[in-house]
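In the two assemblies presented below, chain A is common to both, partnered first by chain B and then by chain C.
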Partner chain A sequence: MTRSKRRAGRRHPLATAALLALGLVFTGGAYAALSTGTVAQAEVDPNSQQTIEEGKKLFQANCATCHGLEAQGTDNGPSLIGVGAASVDFQVGTGRMPMQMQGPQAQQKPVQFTDEQVKQLAYFVASLGPGPEIPSDHLVNGGGDAANGAELFRINCAMCHNVAGAGGALTEGKFAPPLTDVSGVHIYEAMVTGPQNMPVFNDLNISPEDKRDVITYLKYVQDNRSPGGFELGSLGPVAEGLFIWIFGLGAIVAITVWITAKSN
Partner chain B sequence: MAQDDHSSAEIAAADSSHAAHDSAVSPGTAVITADTFENPGFPPHRPRVTDEDPKREKRAQRTVYTLFYLSILGSVWAIAAYMLFPMESNNVGDVRLNNMFIGLGATLALFGIGFGAVHWAKSIMTDVELADERHPIGGSPETQAAAAKVFADADRESGFTRRAAIRNSLIGALLVFPLPAVVLFRGFAPQDQIPVELLSHTMWKKGTRLALDPSGTPIKAADVTIGSAFHVIPEGLTELEHGRLEEKAKAAVLLMRLNPEELNELPDRESWSYEGIVAYSKICTHVGCPVALYEQHTHHLLCPCHQSQFDVANHCEVIFGPAKRPLPQLPIAVDDEGYLIAQSDFTEPVGPSFWERH
Partner chain C sequence: MSTAPSATAPQKRSFTAAASVYVNERTSVAGFVKELGRKAFPDHWSFLLGEVALFAFVVVLISGTFLTFFFQASMAEVHYDGSYVPLKGVEMSVAMASTLDISFDIRGGLFVRQMHHWGALLFVAAIGLHMLRIFFTGAFRKPRELNWVIGFILFILAMAEGFTGYSLPDDLLSGNGLRIIDGMVKGIPLIGTWTSFLIFGGEFPGTQIVGRLYTLHILLLPALVVALVALHLVFVVVHKHTQYAGPGKTQQNAVGPPILPIYAAKAGGFFFIVFGVLALIASMFTINPIWNYGPYDPSPVSAGTQPDWYIGFADGALRLIPPGWEFVWLDRTWSFNIIVPLVVLGGFIVTVLIYPFIEAWVKGDKREHHIVDRPRNAPTRTAIGAAGVTFYAGLWAAASSDILATHFWLTMEGVIHALQATVIIGPFVAYFITKRVCLALQKKDREIVLHGYESGRIVKLPGGEFIEVHQPLDEYERWRLVSYESYEPLMIRPNARGKITVGQRLRAAISRWFFEDRIAPVTKGELEAGHDGHH
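Coming up: the complex of A and B.
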């Protein structure tokens, strides 16, 4: 009796599914445990000789083609002496470098290195000459004054990046990217270093506390949806006009056709 | 051929006699097109399903009154939404809910009436085709004569034609009447100053420090690193009691530092910059939008309104777009304490053209 019952249990149609689920839970759990392990390892000592050596190796393997073996710059890429850790952390950390190809501006793409490698590269370049540093957590956590940040953003940034941070077009194929899902650290680093064609906003132009406010404003815009309903990408009157032109007038045309059509 | 005051019957008669006349005479080589055609009449009447099937008719009737009841429901809902979603807290989210639900109710109310009425007319009301003959536009000769007589009598009795002095003075009075409005418009411009002067000068003068927008902190030359763009107002603007926005609208400046080797300056303007730091008016010379989309590598300045482009490295000459003049340059220098100051006002009016400036 018990034997046959057990057998029936093993042959139960759900047995395979249960076994599969169990296996998945185990592998998933093991993966999660392992991957949190690698994140914990990403603490990199900026001053250790080993970090700089590792960074140098990465640099010579991945960047030296354009920037030169000693980061002195070539015809294909600028010198990186004195650009600072912030610049490398931004360019490599957002996937803009290594550049896929020369063009109007470096495009964002999946990040090519681990966090640890990005930091090693950054500290290697920082060791070549003094430059802007990677900002501390306090400056990028979005805990500042959003109203002050909004005013500064409107004066200094909104003309290119759009008042809601939705991005916009520039000349000859260049564009200001949307800021809707950029991390606080990368926003800060972009302001300090002026990547691609973005002007530099040094600490005497916008102080570190003011930069913190700007980041706070952008985080506020990210977290609070527009009270006006559909944002349509926050692209402004052209996008909104096009929308109402197509759908508003389309609805009017459809209703007019319906009114004048003969009933069947 | 046919005069305007002919009735349609006369026109038809004239047309037919004309055609008969033409057929009698050889047209020669001229091509005569027959532009009259038979009135095809109405297409055969096609009964609707609601005419033939009483069930369908009942259903259409139900649809119509359901739409009208929905409209009532929408109106009541709009009232309820006003109470259910009040805008009492200072939360913008409340405004959103309030507007959305009242709007949905009002939409339902209006669309219910509209769609119901149209559906009623289309599917239930009688739909036989009718021709509504157009009557002649002109009145009968008697009416026309009577109307002309009214005018002639009025003219004779008032003496409008005969008493020329009265008539002309009235016309004169009517012509002068709108003038006060024209003069009152002048009141929109500042009273004790000449507009051309106001448009030609800004707050900048010799020695005014360049200050950061919006804080008003003066800027040192050393603060402006290569590749920087500073949004600048004249020092003292933030303390202005009134007219601050008007002054800012004229005096706004964009300050940039380029590598001095990349800067190509006009011979007479070489003393206007400082170590590659240049200051240009932020007001587009096309229609006055703020031009501030600065690209630090190409040195292009782009106006977002109409895509005018200025080349900062080449004394802000226009390289694309509808702007006609380069952006005016503000001559700058450095004072004893290292702060950036203006050497003078702009040497030309900033912003778009006006009557006295082309």
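Coming up: the complex of A and C.
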């Protein structure tokens, strides 16, 4: 009797599986709870001494190896004095910094800091010297003129990023990344700071309102999928040609084989 | 039909019979139907590829007709006022605006436009595959050389149709494509600039080009295509269809189901299948989203600007030319970065066009051939074909060098240099590998014919030796493997005046190159000897 009870208890053949499942549920649940906690927007005061102190600590722990303890730059990384909060918010906020490895271009990877920490870092760097600021919400919410933005985008951006923002190649392994899931604030910051190989589009070149229009167009493309169906990556005729040869002609050839097959 | 009482049949004609008699009495069509209906069409999947091209062309013709109802080939400037928000109020040509209207404001317009474009891509792709089939099976040999030429001209016309169509919407992509053509024309020495001004009616882009291309696209080129397709098909009927070697198939017959009713039913059904596949693709996959590209403006060029796939080889050739091939001489700029690709591609096209005549001349073979080759049984031709395909594919891939670079994490320069090597060295490598593979396959066929298949059955002999039993081939299979022709190099012979001409020597040299390495088919004698002496 006790034996059978035991068998039904922790010695049951499925006990390990049950324990594993339980463990996974708890870990997953805890992770979900914690990560939703970190996503919650934290208001960071750009001017408070506490913010700048926190930012400095983060900077010295995570960035100083390459950029120097006072952000003055070293042989491995440029000086960040005067790059502004926008630059840090873009580079760290998109996961490009801290950099994974030296290469033609910093790779995008999962963001390493919470939103609050990114802002603290940004305001610390901004406190070292004046530079482009993080844009205010009305410039990046996509409330501008999409037609004007599309025209500006074609003239100024499409040669590298492709007309539909699908990205494109540059020389020596560098590239213009796709803009299909970049947030408005990061697009704006990229324009004003010119990260990686991108040129700077300052406010005399493209006014803040025009930048808002460009973001509006990109938001339109992001939110409205192609009316023609699947976009094949918006890559143009190469993707179309590959598709018709492999899937179009492939399907047709399969059918010709079927038509001429001898019945058994 | 069997339920109809046979007694009443002679008195009362069915409607079908009456109608047939009525038509025949006025057109004498019966003889034609009788002749054509009894034509045999050998059954093999690769024999349907030309049909795919034809059916795709019909789809393109039908969908294109619909598009002409709404497209306006004018380059007059208007402000777009349709329903696509990101282009509202933008200045563009009437051609672009009407194409946008077809896409957004005309019911079914986008579907038909996509079907037209996908159909065009499939049309040219099917022609390409069809041509490869004809080439690698030697179906271009006498009496079909002229039909090869007609087919190849159709391929060129299809490319021209495609390119003129690609340029019509007057969007950014098509304008960039035209600009490249304009640059190529202007790169031709002496006549280039004049020709460009003639084509565009002044300096590029002008206000004429869309209207002119439209006339070519919907009038002249389709008329030529239809006429040549008709001629192509007449020749197929006149020559009979080729067939693969097999029991009962000879140079004199064509074995397969007759056109009426079996083949016609299959082909008719197949048309609707091709139509259906294209409709499915057109309804699910975007092609040429001109609303992304926006109206043509000479200043912007988008990343990833490419021509449609069939012009890719020419774009690739331009991309592969190293920088600095341009110099000034006699007060003129000589653009060898343009002239070299034009000459090389022109030479390539002409060589493919006249290949049947070259091969016939090398072989000195004036007989008719209705049994097609298996590619391995013509090793040199197959190897030449593989070299040509490699050359073309290298150029083709070069047109997507930027996309290759971004998607495979490579450098642009690395991709270009690798493809330059592919285009120059690749054909030789492909030639030698293919030829060796063909010869090896022929050797294997010989082995199988002489000694049979390995059966996988191991037998221990009384003396302790293990042998694997080989299963002899059945006669049908053997026939397929031994019935091919093997050519020997031509001998140099003096002509009637006792002289050996340079042409003779050249011909003998090429013939030696073609047929020096060869595996002769198994003869009857060898077969019998092989069976006697084995096991």
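In the analysis below, the second predicted complex is superposed on the first by the 223 of 264 C-alpha atoms of A that agree within 3 Å, B and C clash if a C-alpha of one lies under 4 Å from a C-alpha of the other, contacts with A are read in each partner's own complex, and residues count from 1 in each chain.
Quick note on the criterion: a contact is a pair of C-beta atoms (placed from the backbone, for glycine too) under 8 Å apart; a residue touches a chain by one contact, two chains touch by 3 or more.
Keep in mind it's a predicted model, so treat the numbers as computed, not measured.
Put the two structures on top of each other at chain A: do chain B and chain C fit, or clash?
clash
Regarding the shared-chain residue A:V25, is it in contact with chain B (first), chain C (second), both, or neither?
neither
Could you tell me if A:N205 is touching chain B, chain C, both of them or neither one (first, second, both, neither)?
So A:N205 only meets chain B here.
Touching A:I155 in the superposition: chain B (first), chain C (second), both, neither?
In the superposition, A:I155 touches chain B and chain C alike.
Does chain C touch more residues of chain A than chain B does, or is it the other way round?
C
Name the contact category of A:A17: first (chain B only), second (chain C only), both, or neither.
Neither partner.
Now for A:L69: first (chain B), second (chain C), both, or neither, which partner does it touch?
Neither partner.
Quick check for you: in the superposed arrangement, does A:N197 touch first (chain B), second (chain C), both or neither?
First partner only, chain B.
By the touch definition at the top of the document, which applies to A:I252: first (chain B), second (chain C), both, or neither?
The second partner, chain C, only.
Could you point to the stretch of chain B, among 45-53, 117-125, 261-269 or 333-341, that collides with chain C in the superposition?
Between chain B and chain C, the clashing stretch is 117-125.
Where on chain A do the contacts with chain B and the contacts with chain C coincide?
151, 155, 159-160, 168, 170-172, 176, 227-229, 259, 262
State the interface residues of chain A toward chain C in the complex, per the touch definition above.
By the definition above, chain A touches chain C via 104, 146-147, 149-151, 154-155, 158-164, 166-173, 175-176, 217, 220-221, 226-232, 234-245, 247-249, 251-253, 255-257, 259-260, 262.
Would you pull the chain C residues touching chain A in the complex into a rising list?
43-49, 52, 85-90, 103-104, 110, 114, 118, 121-122, 125-126, 129, 172-173, 266, 269-270, 273-274, 277-278, 281, 283-289, 291-294, 297, 299-309, 312, 399-403, 405-406, 409-414
Would you tell me which residues of chain A are touching chain B in their complex?
So the residues of chain A in touch with chain B come to 151-152, 155-156, 159-160, 168, 170-172, 174, 176, 194, 196-202, 204-205, 227-229, 258-259, 262-264.
Which part of chain B faces chain A closely enough to touch in the complex?
46, 48-50, 92-93, 95-96, 100, 118, 122-123, 127, 212-214, 219-220, 223-231, 256, 290, 292-298, 300, 302, 304, 309, 320
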